[in-house]
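By written order: A, B, C and D. Residues from 1 in each chain.
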Amino acid sequence: MKEYKAQPKWKSKLHEVIYEADTPAGKLFDIFLFVLIIFSVILVMLESIKGFDEKHHATLFTLEWIITILFSLEYIARLISIKKPWKYALSFYGIIDFLSTIPLYLSYILAGSQVLLAVRAFRLLRIFRILKLVKFIGEASQLQAALKASRTKIVVFIYVVLILSVILGTLMYIVEGDEAGFTSIPRSIYWTIVTLTTVGYGDIAPQSNLGQFLATVIMILGYGIIAVPTGIVTAEFTRSKKDGVKDDEGHMVHVNTQACPNCSAEGHRDDATHCYNCGHPL
Amino acid sequence: MKEYKAQPKWKSKLHEVIYEADTPAGKLFDIFLFVLIIFSVILVMLESIKGFDEKHHATLFTLEWIITILFSLEYIARLISIKKPWKYALSFYGIIDFLSTIPLYLSYILAGSQVLLAVRAFRLLRIFRILKLVKFIGEASQLQAALKASRTKIVVFIYVVLILSVILGTLMYIVEGDEAGFTSIPRSIYWTIVTLTTVGYGDIAPQSNLGQFLATVIMILGYGIIAVPTGIVTAEFTRSKKDGVKDDEGHMVHVNTQACPNCSAEGHRDDATHCYNCGHPL
Amino acid sequence: MKEYKAQPKWKSKLHEVIYEADTPAGKLFDIFLFVLIIFSVILVMLESIKGFDEKHHATLFTLEWIITILFSLEYIARLISIKKPWKYALSFYGIIDFLSTIPLYLSYILAGSQVLLAVRAFRLLRIFRILKLVKFIGEASQLQAALKASRTKIVVFIYVVLILSVILGTLMYIVEGDEAGFTSIPRSIYWTIVTLTTVGYGDIAPQSNLGQFLATVIMILGYGIIAVPTGIVTAEFTRSKKDGVKDDEGHMVHVNTQACPNCSAEGHRDDATHCYNCGHPL
Amino acid sequence: MKEYKAQPKWKSKLHEVIYEADTPAGKLFDIFLFVLIIFSVILVMLESIKGFDEKHHATLFTLEWIITILFSLEYIARLISIKKPWKYALSFYGIIDFLSTIPLYLSYILAGSQVLLAVRAFRLLRIFRILKLVKFIGEASQLQAALKASRTKIVVFIYVVLILSVILGTLMYIVEGDEAGFTSIPRSIYWTIVTLTTVGYGDIAPQSNLGQFLATVIMILGYGIIAVPTGIVTAEFTRSKKDGVKDDEGHMVHVNTQACPNCSAEGHRDDATHCYNCGHPL
């Protein structure tokens, strides 16, 4: 067994509050954070409504600053309370947290940095940790597993659909021409995908008889094609019988929401005393 | 065994007619009620057609009063013929029945109470009782069971789709801007969901090259995404082999449409002599 | 064993040619008939194109008469060559054949009888007999069996979807009103079904914020709902393992396209000597 | 064992580079070719954008000539380095390669030969060979096998859908007439397929009450119909358990990307010493 340096007590306390949801303080922190995230997303939406923004610009701007400061504090707290800050900073959630914090700072340097505001919505994924419902995590990871298993098939499928779209789009461009809105091959490909996926906006629609006939063929094709990803995913779902994490003998194992203080790996067994990832005592 | 107070004979007779569909009188009552419900729904539709309402306003208004009075009488009869009126009044059907009755009364007090007219359509669900076809009830409860089993997965799925819609909607708002109809982030999110679900009205459609490219990505994504709920439900259907209600040893049990006179629970076994819910003799 | 009256030789010869596809003459008759049916369907289409009809009206009219006479002769031949003409006349194909023949005659008596021309397309279903490919018949009957088995579930499902459409349509009518195209409840229900089924024409689209929010909810709902029929049919397909007609021991049985001269039942085993339906010798 | 004529050394060297992806030179050749194919497809797209083509016509024309010459050289090299050139020339890839090469030559003789440019996109399918990932080939062939197994069912299904479209299209033509855009039966059939496949452009939409009611029925029908191909393909996917190529005892067999120098058959086992197709030593 390896020895680990003891952390200062306030650090381990902070880690417990921020990274775990098992203690009352940790729970409260998570719920407060989630409400703040939802609030920040709604704020971004309100700012985009012209009439509303003109009336309440000062208020919205102040609230945006408050949220940015709270997010900054949270980010710093996360960095100092963990043993390996870079591991967190480079993790999925670490990057999301960082990008959710900086748009307002950046807006003084870079125009168009508001694109990063869209990233904030990713933080809503934290709900799964906050809900502390292993069932939900189990369902989510089951969805994930099924999608992962069918990943290669879906990549092959999408690649073939794209090739097909290029071919059919080029044909429609030649058949229909400018009047019907097929002004270039890329635009025709856009129309082909709109049709194949059965979205069908109608902003571009074939006018000639030959074009409408070809469109009909593409739609019937789309019919068959839409069956393929469904078939892939369904077969995967039917195959995967596991309803959670199982041990070697197939028994269900209960996992909790505790995160390793060393490497922040999650999904430890309830009876675990060491992190399954780095061996650090929990 | 508990003792129950004997009900007056007219009460138990009324209960038989209203709550059960096994006797000729009960059958007749149910069929008459169902025709009345359909008629009331059609009446609401006709009132909404301006030209028709202007011509026949007096007739429609009289018919609406007749239906309201008949529904009121039925509701009172249901209340007095059952032992525990509050249990019925607070049940799903009890609330629906009440809300279907009151809109005309309310219209004298509250404007906009016609919203409640929409509730009437729920009463059409009674058909399953009237049809007295255990097969239909079995099929419906099978559908229900499969949907219930996949509930958590579908909630997780819809939550993730909503987060995705917020992110993609914000991106499209930044990329497209006002000219193409993406006037605010909420409206862009509306467009994103219209596209992801492959509905595609075309009232808002991307105009720029980058916007159309992003739309293409969203559509391909929607392709994969639409496969997920289908996969979930299908896997559930395939898993559930039971074609009705089974006893402990897996044998099929026949249920009838009789309702308990005490608690109005339904789906009793054909050979049942006491309510499975409250123990009242049937 | 029952005795059967011997048919005149020309009658049984005619029966063989018309009802069976095993002899060269029968095959030729079927192929000629199928070409004629396709031609008759194309003729109906051409008549509907104004510019084309104006130019070639006389030609089209003459061709229509030729086809009508040929169809009439075929119908009479079918009636006289079979032992029980009424059984044929009242069968699915018998009614289709009759309705395909009469539109031109009727057009002298009744206006609007051209509706019956649409019926002609049903005759195209004969291809399955002509192809003489038992495999195709097997596949078709497998499709049919799977759809039949899921019939009750689908009826329950469609009924519930219709109730939902009435409720949601009424809500949208109240929320949106006339300006956005929701002029009456029936029209709102039409829009709701257009949205729920993800067709999305865009001829009617919500304008208000509340209406667009409600539309979003309906679309997400439609997402879940579209999974249900797919789940039902898929589960049925997965369950049905049989790839054709099997005997009691589960062995595959080969069927041919011969039709019984007495009752015109089809799908007899290759080694059959009597009709499985009426016992008539084959 | 048959004797084979020894090929000149430069020929077998060329064959190795062009047809195989196991050696560094072969790999490099394939990657270079793939980049060239992508570039050629992008070039066709750019030529179709009017504004861009006008500005850079000379450059695009020169690049098109360079690609045509490189493709021509490759095609000739493929022909001379293989023992049976006609087998390659008449194979799927051989025809694609030829058609991708000739459009520019043809444009001097034939107008409209640019249709062949669409064929180039097919060459993108080569990626599966270049990726050298047996896993991808396995997934692709699994997709192919599932689609092949459900081919007959899908043909039957599409045929029935087409008949239904003709019938429903004719009905809608009679019901709606010219004002709503249903100007002829072929156009009505186009609309019916647009609706049945849930594409729903909205360029043609029913206006009358009866037409909208019929449209509703068609949409509900489309709901059920879209479930069928999905059900077919899913059942096929669930059935096929094999995740690659297996030997007689069900063990997985590893295949490589080497092509036979004699007949260019692919998918040889790693331990193969002779072509499984023609017996030529590898």
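The definition used in the following text is that a residue touches a chain if its C-beta (ideal position, glycine included) is under 8 Å from a C-beta of that chain, and two chains touch if they have at least 3 such contacts.
It should be emphasised that the depicted structure is a prediction, and the values quoted were computed from it without experimental measurement.
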item: Residue-number overlap at the chain C/chain D interface, same or different (half cut); value: different
item: Reference interface A-D: repeating pair among A-B, B-D or A-C with over half of contacts shared; value: A-B
item: Chain located farthest away, centre of chain B as origin (C-alpha); value: D
item: Pair of chains joined by more contacts [C-beta pairs], B-C or A-C; value: B-C
item: Distance from the mean Cα position of chain C to that of chain A, given in whole angstrom; value: 46
item: Mean-CA-position distance for chain C and chain B (Å); value: 32
item: Contacts with 2+ other chains: residues of chain A; value: 186, 189, 198-202, 226, 230, 232, 234, 238
item: Complex interface listing, chain C residues touching chain B; value: 152-153, 156-157, 159-160, 163, 166-167, 170-171, 173-174, 183-186, 188-189, 195, 198-202, 205, 209, 212-213, 215-216, 219-220, 222-224, 226-228, 230-232, 234-235, 238-239
item: Chain A-facing residues of chain C, complex; value: 198-202, 230, 234, 238
item: Partner chain C, residues of chain B touching it in the complex; value: 41, 44-45, 48-50, 112, 114-115, 117-119, 121-122, 124-125, 127-128, 135-136, 139-140, 142-143, 146-147, 154, 158, 161, 186-187, 189-190, 193-194, 197-203, 226, 229-230, 232-234, 236-238
